[in-house]
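First chain written, first letter: the chains are A, B, C, D and E, and each begins at residue 1.
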């Protein structure tokens, strides 16, 4: 991805689109739909942007790619960006697409599990990344212990094989697979419903871009939000791109994902109901930060306000 | 004076001492020869045992699919898996060639002076022991828009060391008498290298190739895990990951099977190459003849 | 009749022909010897160049930290990194020993009959070319609550093949004259193995060790990436992952440095072992003497 | 022929050997060897002497004909001095010499003592712990000779054992060998290029012709044992040598005229 | 002494050699060799003959004393027949023989022709494309001899080149070598165990004594060249041989009495 030429970005014409690369955190899926939709329907182009979406993967390190200039915007996450502040990395969140993190824990039915608290003491397949996101939350709120952890490799087979275990998952994907393969409906516990409230699927960029070229950032944020509205309305164009990028993504899976996004108000709930998709509030950031300080994830003296700016959201879309 | 002498009858004249032709088997005969059949029989036995195991224990296919199911899936998914296989093989071959060339070059450099070897060999280990996942972002950064290049670099890192290590060992295992001979005839560095050291190192080098062949393949797969590609230019690693996420375990095993078969294929090719190059002189390739 | 003869004066009697003692350097002298200093000097040069590069280009530490910063971080984080290092080393050593024992065993088995070798060698490749990430879930399931065991198995898979491959090559590279000698004296299979084949294979085997040493280390790291659980018994891979998630890139490099140093250490140890075992007879370990 | 079919250790019957590359190394060789006999093979370089020894030793199969052992178990009880020393580079002189004893599971103490005896015999005392690469060419060959003498085999096969030794060491070892032979009643098949040595040592000299290798003549040396240094200057000895030389000569000419 | 300091190719001055393991292989050796001279070294096995040749060839440094070359560039223009054949196992006979020509960048065609000539000379015509392992011991040694004769060096060092050959091939190669020597005026230093060969070939026989290796005596053989087969039966020849044998004898006895 090339950094935009400042001269050209002031007065975009049909010919001089700004080259922008947006890096996602995973292979293309419904959770990325709005961005693909904005590409597919030409929303980005209307905003003078030529956007390339670069998929992430299990072991890609988006922050380094963002900071090295390989990416211009990156699909971030609330903990990650505050960690960045702690480490002096000048990246910043400019918008948050997901009001709720779709992170879930999944358990077998008829094991008497109805809430997160019931999982205490049971083996749970969790990925390494959980160690500085929701796992400390669970430890501090429900008294989970580290010896419950089993390494999760993003396949539900081991879960299906053992009724006693639970596993992590993404609201829109693992439950469906378990239904399909296991033939039963698992117990799905959305962490966001239990007070775990980081912003997810955010748009991060380098602080330097925000300062030198706020217009570009604004256009990207606006167009992405529009993309999401458009996607929730009619996902066909975006889905086509998703499946092109990730041929293994089934239509059924995408449809399920979209349904779940809507059902649980992942994009549209809380503040977003009034102020629209993408909105963030300082209070919520503070709330989250303080809770995670309590959980031992962040240092208390971190200036977490460096991690975000509210300058680009909550405005009428240009 | 000798008392009795017995002289053998003069033999019927033979025109030349080296006449008899050892018959060369045709390619087809070779294919049916026990050397080829034996591993195939073993392979089939393993597959049968695996199938039986799966059936008897009643393991669900999402844990361990039987080989029949895997083969069936392979047939069904052939159209998506083949292009991915080709891409993985492309990366493998590029990385392997790069490893061969660079490994040989470095080993030759090492062999030129004990000093160079001592000073730098320990650092060649660094390449081997650095987790690719950790340095992949740096590589991707350097290679900017060249994903293929980045993948090749990652796979190369994995495949590089065994060639350097084995070839260096080989270059240092030159027969001392021959080394003296070359010294005596004032052979230049290059001549000693070309006519003496490299041939001496050949068995070791080829041994290194056999190890690196498989490693470049696995390197190509791992590289894709860390450098993340998908879509049209996705290799087998992507197929494995996606099948695994989608719990299409038979499909995952079909992809694994393709990788494994490629690995065996590379190994067999390198073994044939090795036997061809060494068949005239090295103990490892010639049958004991008296 | 010889006309003139010149007889050299009788030499002063020398009591025995093998008298002079070559002085053995002390350990301390050896440490200061150029063989040890050279790689250290090179290492320092690399570090200086790296530091200069980082300073001149002004690369921020979250992209590529300079070695000073890494060392400083290493000092600060020593208390968390050292226990992790020890755990990774534990896994490495267990996997390495398992690879040595099993690799040697399999290679010996292969060397007992061309048939066994031909039938099974291609399948040994399978272990090498199977992506651990793909089969880790199966291993974790089998080993149930034994994470350490699962990690060792994964690392063993990575380290296994080079030993088998090189040792098999070595066992097959027996001098034909010596093979005849053993045949003549009706040496049993075991005797031939013990007194002939294993010593002949030693240089190749040790070469295999050098490759596998690094591979068990990286295998331990990769294994932890895919099968580790973190927590109190977390190894360096966990530290790398966490540093990477926490964007503590200097800390990540400090962990990488530890891995790298361990790798170099393992390599140096194996090189010393190799030179000790071969110093009396193999060309790779003795200096040309005339 | 000295040996009859009823009195022989082994007999080569129409033995031929063709190597994989097509070289005809041996053709229609017939040779019977009596128990306790000392037979020498002489012949041009490349005429198949080593090939015959190896076939007798069971190292490789004849391409035609066969080798008949009177008592097959004797085929298993051999010692062989190869043309090149064939020492294990990783083992010391002592370990190389006692290898046959190690292999037949002689007790370590006894093996050590026996090995030391033959090491002294070949004049290598003091070099027990040297490695082969630290020895001169002749010393290496002597290690190989010592190794063959460390057991008491039925049949001793020696392929130019003394070729790399100086005259004095050689004649000392010649007498030592004869001595041992008389004492232990070995059957010895001995390859040499030295006609004098062949005549001095053996009861029968077999002359081979080259291209293709075959047996050209057999010359009995019917002087009594023990043969001492005087025998070496006797006219009888000189005559035998002349006869062998003459046969060698015609063997070569035959080959060239082919 | 035949050579004076003003007329010599090289001179060993008080040369001693101690190997790393402490073996004293050579002590205080003094030897001057005149241009075009044919010198033989004889002596017991292990007395340092090969060591002297290797030191002359610059393969290894003397531990004491030094080797003085009159014209240092001559030290670079040598050929050496090693005691063991030292062939490249991966190269055919032809490639082995023409190696020195390949190394000095002779044109391929010419190299091939020259190599073929010496291959014919040593009687290996027809085996050009054979690999060393397919040759008999004597044939391998002949390849090595051929390789040393393929160039025209200033100094030719031969370490028991004919030890593994039958008498006939040996005496043929003896005359061939003498012939070439006279023709090309090489300086030859020749190690042999065969006193007759030493006397037949050389202008001077150097007798060495063992343990520690040193030069015991030098015996000039002042018979004119060309020497033919008649020389081999002349009483002069026999006397020379006796003298060398006697010196060898005292050399050995010296050593034993030490």
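Everything that follows uses one rule, which is that a contact is a pair of C-beta atoms (placed from the backbone, for glycine too) under 8 Å apart; a residue touches a chain by one contact, two chains touch by 3 or more.
What you see is a predicted model; the values in this text were computed from it and never measured.
Visitor: State which chains count as neighbours of chain A and simultaneously of chain C.
Guide: Touching chain A and chain C alike, sorted by label: B.
Visitor: On the document's contact criterion, could you list the chains that touch chain D and likewise touch chain E?
Guide: Where chain D and chain E share a partner, that partner set is B, C.
Visitor: Would you mind reporting the rotation angle for the C-alpha fit of chain B onto chain C, rounded to the nearest 5 degrees?
Guide: Best-fit rotation on C-alpha atoms: 180 degrees.
Visitor: Whole-Å distance, chain A centre to chain B centre, using C-alpha means?
Guide: About 42 Å separates the centre of chain A from that of chain B.
Visitor: Suppose each chain is reduced to the average of its Cα coordinates; what separation in Å results between chain A and chain D?
Guide: Measuring from centre to centre gives 86 Å for this pair.
Visitor: Using Cα averages as centroids, what's the distance between chain B and chain C in whole Å?
Guide: Between these chains, centre-to-centre, one finds 20 Å.
Visitor: Pull out every residue in chain D that's touching 2 or more other chains.
Guide: Correct list: 19, 21, 23, 54, 59, 84, 133.
Visitor: Give the residues of chain A that touch two or more other chains, as numbers and ranges in rising order.
Guide: Expected reply: 59, 61, 64, 68, 153, 155, 157-158, 161.
Visitor: Multi-chain contacts only, two chains or more: what residues does chain B have there?
Guide: 17-18, 63, 133, 138, 141, 175-176, 180, 225, 244, 282, 289-290
Visitor: Pairs of chains that touch, anyone?
Guide: Every pair of chains meeting the touch criterion: A-B, A-C, B-C, B-D, B-E, C-D, C-E, D-E.
Visitor: Of all residues in chain C, which touch chain B in the complex?
Guide: Listed in rising order, the residues of chain C that touch chain B are 34-35, 38-39, 41-43, 46, 63-64, 115, 118-123, 125-126, 128-131, 133-135, 137-138, 141, 161-162, 165-166, 169, 172-176, 179-180, 203-204, 207, 210-211, 214-215, 217-218, 221-222, 225, 237, 240, 244, 252, 256, 259-260, 262-264, 266-268, 282-284, 288-290.
Visitor: Spell out the part of chain E that touches chain D in their complex, as residue ranges.
Guide: Listed in rising order, the residues are 19, 21, 23, 42-46, 49-50, 83-84, 123, 130, 134-139, 142, 159-160, 163-170, 193-195, 245, 248-249, 252.
Visitor: What does chain A use to touch chain B in their complex?
Guide: Answer in residue numbers: 27-28, 55-61, 64-65, 68-70, 153-158, 160-161, 173, 177, 180-181, 244-250, 253.
Visitor: For the complex, give me every residue of chain B touching chain A.
Guide: Of all residues in chain B, those touching chain A are 60, 62-63, 80, 133, 136-138, 140-141, 144, 225-232, 234, 238-239, 241-247, 249.
Visitor: Which part of chain C faces chain D closely enough to touch in the complex?
Guide: 16-18, 175, 177-178, 180-187, 191, 195-196, 199, 202, 280-282, 286
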